Each structure stands twice: as C-alpha cells, then as structure tokens.
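Below is the structure I would like to discuss, written out as structure tokens.
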Amino acid sequence: MSARDPEKLKTKLLEFAKDFPFFNLVGFEVLDCGPGFSKCQIRLRPELHNPNGVLHGGVLATLIDAGITQAMLMTDEYQVIRDTKGAMSTVDLHIKYLRPISSGLAICESRVVHMGKRIVHAQAKVMSDEGKDLALGDASMI
Amino acid sequence: MSARDPEKLKTKLLEFAKDFPFFNLVGFEVLDCGPGFSKCQIRLRPELHNPNGVLHGGVLATLIDAGITQAMLMTDEYQVIRDTKGAMSTVDLHIKYLRPISSGLAICESRVVHMGKRIVHAQAKVMSDEGKDLALGDASMI
Amino acid sequence: MSARDPEKLKTKLLEFAKDFPFFNLVGFEVLDCGPGFSKCQIRLRPELHNPNGVLHGGVLATLIDAGITQAMLMTDEYQVIRDTKGAMSTVDLHIKYLRPISSGLAICESRVVHMGKRIVHAQAKVMSDEGKDLALGDASMI
Amino acid sequence: MSARDPEKLKTKLLEFAKDFPFFNLVGFEVLDCGPGFSKCQIRLRPELHNPNGVLHGGVLATLIDAGITQAMLMTDEYQVIRDTKGAMSTVDLHIKYLRPISSGLAICESRVVHMGKRIVHAQAKVMSDEGKDLALGDASMI
C-alpha cells in the first residue's frame, strides 16, 4: 500500500482536469476516479459533430483515451512509475463504435483490467445519459 | 465507373473541410485526397497537448479517423452508398502510438486496403514533418 | 422470443462440438453455453507449444474465436440469421496476451456484449485452471 | 551490425520449422524469411475447417502470429534480446477476416513495421494461392 492519501490525490487530479486546456477544448470532464477506475464525460455540442451531424469518432476516442489514463493515475503502480521512470503512455487504443449520438452526454466508465510487470490493460464503455451504449474501448500502456 | 467528375468532387471536399467547425477546432486539414487515399494533417499547438506536454492521443486518433474517412469519400463505392443507403460509419478504430511529439505537424496518410461487399478496411500512418513515425492506425467501416 | 427449446439446442451444440474434427485436433471443448455466453477450454499438451515451450498464441486465438462463436450460437438473433441469411462470420478478432502457460487448462469465458442490427460484439477472457489471467479477447461478427 | 551469418541463421530457422510439432499439427510452413520479413503458408485440409466448411479463423490467426514471429527472428535486435533478456513475446494480435476459403493455400507475408526501444510492431497479409485477400493482421511484441 502506498503512503499517499487517496482523497488528496483525487482532489488534486479533479482540480487539475478542470483547468487543463485540452480537456476544456473538447469539453472533457472527470466525474469520479479512484485506483483503477474513472468516470468521465463529454457534453456534446455541434462543434464536436462530424459531417453527418453526430459526435465525431475522434472525440469518442479522446474520451476513452483520457478516461482510461485517468483510471490509471491513482493506482499505486502508476504513482511508483511516475516517481521513478517517468510517465506511462498509451501504446495501443482500440475503439468499437456502437451507436451514433448527436446531443446530450457521452459518459465513459474505464477500469484497469490487468496490471502486468511491463504492460497495463484497461477497458472502457461509453454510454449516453439515456443509458444507450455508444462505444467500447480498450487500451494498453507501457 | 462513376460519371462524376473527380476533380470537382475533390475541390468540393477540400472546400468543405476548410470551413468545417470540428476540423477547425482541432486544426485538422485535408492536404490531398483521391479515391481510396488521403493526406491530412494537424498543426500542433499547446492546447492539443496532454498533461505530459505532448500531443494528446485522442488528437492522433481524430487525425486518423478523419483521414481514413476522407480516403473513402471519393471512392465510387462510397458515392453509390451515399446516394442509396446513406452514410457509412466507422465501426472499429485501432491506433498504435509509436512516438510522442510536441510541436510541428502530424501528417497522416490513409489508404483503403480492402473494399468488401459489406465492410471496408483502411490503414493510416502518421509521421512528423521531420519524417519520424508517430502512429499507425486502421479502421473498418460499414 | 424464439419457439426453440434452449435445452435441446444446447445438447445438440455440445454433441456437435465433441465430434468436430478441428476441435479435436486442437483439443477444444465446450463446457457450457447459452444465449450470449460460453465456457470452453483447451487442455495443453506439448504439441500445442510454441518454440519457447509455452502455449502457442495461435491456440489461444483459436480458443477465443471458437469460444466467442459458441456464445453467439444460442442467441435468438443468430438462429434467425442462420435460418434466413446464412452463417454469421467473424470480421475482426483481437487478442491481448497476458501471461504464458505451459501445462494444465486454458479456460475461456465469452459473452456477447452488444447486438446491433448489422454487427455483433463479444468479449472473452482466458484463465488457467489455477485462476491466472492468460489472455483477453474481443471479436466482431457480421 | 551483427557478426552473424544471415544465410546460416536462415537455414537453421527453416530447418527448425520443418520439424516443429505444432507447425506440423496445423501444417504451418516457412517458405522464406529474412530480417524483418517472412513468407509462410498453411495448406488447407478439411480437418482445419470450421463448422461452416471454411478455414477456421483460429488457423488464420495462428498463421499470422507464427508468420509475424518468424519475421522478427532474423532481425539483429531480436538476436541481441535473445542473447541477453530472453525471448520476446506477442502482447497483442489483431486479425481482420476478409474472405472465407475452403481449399488450397493460405499464404502469409509479414513484415516488421516499427522497432521501438520497448515494443516492436509488425503487419501481415494473407492471400490465397489464387491471389485473393483472405485476412490482414498486426501484432505487437515486447
């Protein structure tokens, strides 16, 4: 177990996310996070649409990539790596698009599913605020 | 063979991309396109960085998703689908991140590699303006 | 709801799998299945090893592909497709290898996670008989 | 540059593959290989069919996984790793199935597309002996 205070770390991460320029650009918000999970969202607006008038696939990919990273930040393993070797980074991101959406919220729940010695795997699911499945994602980080 | 004029279609697509809101938001530009290929780019700026100070993975995913879609738009097959069944959409997007980048250009070359009756597969490669490999991507559309 | 008898269909599928030549070649066995899930296994033997002396990745891919297919067979949707349009087939298979294994059992649990109108997505997890995670997989079928 | 004799290494690898039990079980043959590429094949036989009477997806996955590994074996980087840290292994395998096949040959050409410090990426394409595309694959190894 880490000697860190999880509540302090969480507060710090949520504060950081609120003011982070890229997150503001795409409207990415962290709703909740903990060691190995996160709940994040993007509020849709026409500027995020693709030419078919629905949320651009790249925005969903951004939501999943950022959400999965957030799920990893509070793990003890990540904190150790950050203090020693530097940041981990996504090596592989995979998105399955299930259903288009044009307004409301895209809410992404992410969780770390395997922490190996050299590689970490995580999965995510994106739903609308009406509970419809929008996308599935997975990522690997080293 | 389609009776369309490819040069007119290309001009129309390039014009459309220049003014499209989401493309402007992330700085996505179409440099060239034709039936089954495209060359697109995003000019990096600090607002597109992730918390590690390098281009956010979601932006690279956006570049690849949009670039691959662009590569499909001028194919006769897509034009037929557009006129009959409506738009095709990405069902699966897969990104491999090779190297971080913090400034300059991310240039994506996409090409359609297989056009089946029900599914289309395409591949993309992203390089920096210094010729370094940044990411590989593939997508399937139905 | 289908008018089929699920128990009869299950018995039929389990019987079929027992005598199927390719399944016997690699030692693939169906332990249980139902609409949208399956539990299958392969018993390791040296003939299935790769040159490093552990289970070949292709065998794990086979276990996952066959297991996921099995999970789909008892769904009403699949039975309708089989009766009308013919067989569905895997268009995309994705495996993440977590840990090598050289003896014992590789046990794969698969479940259908999304049934769209045109595409079905499923996920699988392979564990050893000692409960260690060996691989994660997902597949899409059209 | 390695001091190894590439021709000797190639002869050794081809000899090894010819007698390797798992390769014989599925009929996997190495036709050619070099640093960063390989050409391998599987001769179809009814025992490799799935219940629809076409080559099982797991066999194609095996062909691609084994073919990509073969493409890596002759690289200097791999030889150094083998001599120091031990074997590399596939962490991620991704197959796109393009077309079913029931007889003849499935021929897989693989090439390493990126050699990073920590991760290697390779791609493969499988064709029939009539030149039809059967599958695309990619894999990452660490």
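Letters A, B, C and D mark the chains in the order given here, with residues in each chain numbered from 1 onward.
Just so we're on the same page, a residue touches a chain if its C-beta (ideal position, glycine included) is under 8 Å from a C-beta of that chain, and two chains touch if they have at least 3 such contacts.
Quantities reported herein were computed from a predicted structural model and do not represent experimental measurements.
When the partners of chain B are compared with those of chain C, the chains appearing in both lists are A, D. Using the contact threshold fixed earlier, the set of chains in contact with both chain A and chain D is B, C. Comparing chain pairs A-B and A-C by the number of C-beta pairs in contact, the larger count belongs to A-B. At the far end from chain D, in terms of centres built from Cα atoms, lies A.
Measuring from the averaged C-alpha position of chain A to that of chain C gives a distance of 29 Å.
Work out the mean CA point of chain A and of chain B, and you get 23 Å between them. Among the residues of chain A, those in touch with two or more other chains are 91-92, 94, 96, 140.
Listed in rising order, the residues of chain A touching chain D in the complex are 91-92, 94, 118-119, 140, 142.
The touching residues of chain A, counted against chain B in their complex, run 16, 20-22, 25-26, 46-52, 56-59, 61-63, 65-66, 69, 87, 89-97, 100. Contacts from chain A toward chain C in the complex involve residues 94, 96, 98-99, 113-114, 116, 121, 133, 136, 138, 140.
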